[in-house]
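Next, two complexes with chain A in common: one pairs it with chain B, the other with chain C.
What follows is the complex of A and B.
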């Protein structure tokens, strides 16, 4: 279990990117407003990327996070509409708690399928992806559900007047997860299960419990992401944020998670989230780069990085 | 003047600055079974790779059939009739026996069409050459290791081999299968085949080999006839020093008879074994022996909570207990050093320190946070205590030799302070030096009052180490052999 290397590498990349963006775009990029936008936008997929990282550390993957988020967002929106149409705080809180519980249950289902039924994680979460997506379509009749107006304020709140609240949530989540994954026995077991689940079983590690917990945390994070996006966009739709699926994988891998399991730490992943949003924001400031290129760029980045890693590992052997 | 089919002269090979082979001479006479012995990392596989052309030497020459070559390539080597059967057996597990046997011929044919009938004929012919009788339509992955090996050998023979290299062929075989393999080798020898047999099991070498070359640290330290080599000399050449292991077990001083048994099992059944009853006292070393598939490993796994028991009682220190999970077993003071170190015992890319301490996280955790420094100090104590040879216990455990890896597994379980230590195949793939080290540790542990259970199919090990032994045969406990009758002959009779 290598520590910190990925974190430091990502920090360096981030610094280089910021300097580069500052020099080439000047004040168009280096503005408080731009950084606030960056901070607001990265939270949703940032949370999901960290959840997916936990799954990846155990040797799995979680493709369903975006659809857990949408399901939770839609459920919360519907509950708020019926019990808190005028923005009653208690109703909003109940809706949020229900959404978080739904996230945990969805994650639990993923964990159950992967650890008990032993469906390959890719297929299990692709299946639940479809399932959660379908449920959200049914709940929303295929249309988008708007949020009650009182809930919209939540995402646009500025802490100390400058820092967007979603970004604060992201940072807090990243710190808590860094401690859990990097410094507790649970975090260590997560890695060990990912390295060799058989040896883990022979060491008294309860694979089912560890893996299920990882997917449940991922589900919980997705639920938080769903609530934030409900507030930020003011509406939720079954297929909102489909492109995030690919992005979360890219972030996890860039951040140092090994798709084969066993390695990866949250600090690296968290900085990778910021790096990706900075790249994306930078591309936004360049008018001649069409948004349609973005998907291809992310694909290239993932493949390029995997190839780089492959050669590095080969050289070390 | 002896007729050498293979004559390697002054072979050198280095990787980075490390000399894997230093001026090695290896001479094999035509039609003999020549044994290549040496501990792990002595250069055995490096010289085989040079002979098979897989990894040519830096300097030195290889003479084969009277022709001298500067270096061999894989194609040239195969053309000369050299075939290597590797430990990990190059068979295709997802293909049938027939396809495996015929694949070389099929691949070398120009035709692209898959001809089932023709394939079957080839496969049958190959089987005949070896008097094999296997179901041609079974997928190879469903066969035992021994059969896979026979398929690999059969394929090699069909490729017109006249020099067969067997790389540790007996590691995963039962005694019966070893006998069959040896019979096969003798048969091949009569037909003029030369065999280079790589091994580190002494009794097998005496049984099958005509002559022997012993390697140590990249050098050939002894070459000569097998029968003139004494067992003590053998050990000395292998390890470079004399190893004394006290043959007097002195059980009276150790075994505590005045207390209830540390572990008592009555009428225990589980997947793979039925109605097993035995007990072991504190301080005693009990053997459980039996061939592969006799239920030996299954019994160990059930005692450790890996698999569920299907009836019967387990008592610890005279009190009945139940074991439903590995954690139950650990709570009960039971530890298991599992059979397969690489897949069950260790997390290979993970540090030695982590591997030793990972079963005891709660001891190093304060208010939820794991203290790495506490882990490190605990780990370095164990590394010293159990003589793990390493400069840095933060290195991955896969950097260690087999013997030292096994010591790490042992340390990991000793750190749980078990009262009953079960070891399944404690010295498989462990070199002689580390083996005696481990024996001595186990005896010391028993002297300190631990009950030790050694499950092994290495009969010499059971005889040397155990105070008495139970014998498993096809899932049942067939007999119990008390200390005074514990000899290799009696055990051999009992397990068959």
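What follows is the complex of A and C.
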């Protein structure tokens, strides 16, 4: 039952936030355009946060997602420029597939380091973070790579004329992952490995495979995020989105993932993504609130939530 | 598990197939907007302007002074928005949010122009005036406003370095980011100019730039320390980001090279008053960001109210912004309005500067 609590709690927070924003800011906040912007902005780090959540459920963490995304975005941009300069569909497709494969390989490397070499996940992904960042700098000569113009339209597409395509991808990804993590044997194994990896191994679970798969999915999601970012921003740079690293951790924890592993479900994380972007958009509508407070607010949220969870768990014990 | 993975991969591929197949025609980002189309029907007192700066620094606090003064002088709502981080994504998020908030003008000092082009293009399409500052490569704006051109500034920096070092020895060049177009233009110009005019002053490894500070004092300090460790005889150091000087000065001081390596910095002179007076930093070349903020806002205001802006325009607002009495227009991808307002702070005059 606990898994649903996080989801329902986040939904309630979201509802309260929306009502609060609606009352205090009125039409400045409650406009279709504003919600479209929110939907567009949250996708990239939303996907990465869900990937990080999988790593967190196994008791790990994935700090490299932003840099996997940029590496994939940069690779795709370069491939598109060379084989599809005029927006040939086949060339764009090849570039996307290559980017997704790179994402899987990067995730695989993380998984290998964590599960086989047994490097602590934080160090392993911090190392690969630098590695992927470095490769992207080399690929791009440290500069921005612009997207071919045909690919730009992908992120600005509105499904049914109102819903931004990136948001649809986010929702679809959230549903697929919720099913995989919540209802399949793989999802159960993921949690068991996170609760107690030794016990999981003794009960016949192949820890290496489970952990590697989790990081590979995270890498794949980062690759999708990278492609969406390339399309939305129309350019990619090695350090674009560096502030998302902290955001993704915050979201995963707010969404109910236990940093020690073993618990966490995707629906809660997905709603936490929306909650955070709504807070951010709300702050953006108030010009007299300095953006510096945002970092402090995020820090407080993270610490407050961890403290709350700590006391709740202690009480149960 | 294999099944799940392959299913996921297939879904992902299918998704990208359907997206790619349905690329809509829709909106195309265009350049070459006519400022005359941006005249607003609103009463000037209802104008809302937002100024987005790169991040937290004395420099941008000073810029805010000019924007606040402008808002007061002209009775409009003009405010500076400070991004929470120097990540280009933060600036982008602010601009995207502004687009939902009925702003009349967006003035931006971009960290990475190319990351903002798409959103600023949308702003122009919605008849929001976009003015750039320190962004000579920004395409989607009506005008870029600069205090002086690269050569005026580069010459001032290079001459200061030559004066400090006696035009002899090796020097290093630090920029904020190698992707920062203005910093790189300054650095390249200075290297060329020094090579020609001061042949005995040599650039370290003959490489532009020597290092990047990533707009962070800590990184500037670390980079400077490494460079000074391997080149203790370095005669001078030029840096371009307003926060670099302090980092380099600290590194030099810790290595016992204070005053020996002449630091020609950029930034707010008063924030380096101590370093200037005790010789840790030789000079702080700058333009007054308060005037820049003022002039950028005034440019937007003039466009909104239908006052023509171009070659020879007076953007000084009757003495409020000295140096901008007759701006030069350089037509290009981006129409650049250039004043003539450099400002060099030294130990002698720092107390009288901002």
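Everything that follows uses one rule, which is that the second predicted complex is superposed on the first by the 316 of 317 C-alpha atoms of A that agree within 3 Å, B and C clash if a C-alpha of one lies under 4 Å from a C-alpha of the other, contacts with A are read in each partner's own complex, and residues count from 1 in each chain.
What we mean here is this: contacts are C-beta pairs under 8 Å (C-beta built on N, C-alpha and C of every residue); 3 or more make two chains touch, one makes a residue touch a chain.
Since the model is a prediction, treat every value here as computed from it, not as a measurement.
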item: Overlay on chain A: chain C relative to chain B, clash or fit; value: fit
item: A:300 touches, of chain B and chain C: first, second, both or neither?; value: neither
item: Which superposed partner A:100 touches (first chain B, second chain C, both, neither); value: second
item: C-alpha centroid angle, chain C to chain B via chain A, nearest 10°; value: 130
item: Which of chain B and chain C A:23 touches, first, second, both or neither; value: neither
item: Which superposed partner A:195 touches (first chain B, second chain C, both, neither); value: first
item: Partner chain in contact with A:262 - chain B first, chain C second, else both or neither; value: first
item: Most chain A residues touched (candidates chain B, chain C); value: C
item: Contacts of A:8 with chain B and chain C, given as first, second, both or neither; value: neither
item: Partner chain in contact with A:184 - chain B first, chain C second, else both or neither; value: both
item: Partner chain(s) touched by A:292 [first = chain B, second = chain C, both, neither]; value: second
item: Distance in angstrom between the closest Cα atoms of chain C and chain B, superposition on A; value: 9
item: Set intersection of chain A contacts, chain C complex versus chain B complex; value: 184
item: In the complex, chain A residues that touch chain C; value: 28, 31, 33-34, 37, 40-41, 87, 89, 92-93, 96-97, 100, 104, 142-144, 146, 149-150, 152-154, 156-157, 165, 169, 172, 176, 180, 184, 186, 209-210, 213, 216-217, 220, 224, 227, 232-235, 237, 239-244, 280-281, 284-285, 287-288, 290-292, 294-295
item: Residues of chain C defined as touching chain A within the complex; value: 1, 4-5, 8-9, 11-13, 15-17, 19-24, 26-29, 50, 56, 79, 81-85, 87-90, 92-94, 96-102, 112-115, 117-118, 177-179
item: Residue ranges of chain B in contact with chain A within the complex; value: 304, 306, 325-327, 329-330, 336, 338, 343-351, 354, 358-359, 361-362, 365, 368-370, 412
item: Residue numbers on chain A that touch chain B, as the complex places them; value: 1, 179, 183-185, 187-189, 191-192, 195-196, 198-204, 206, 262
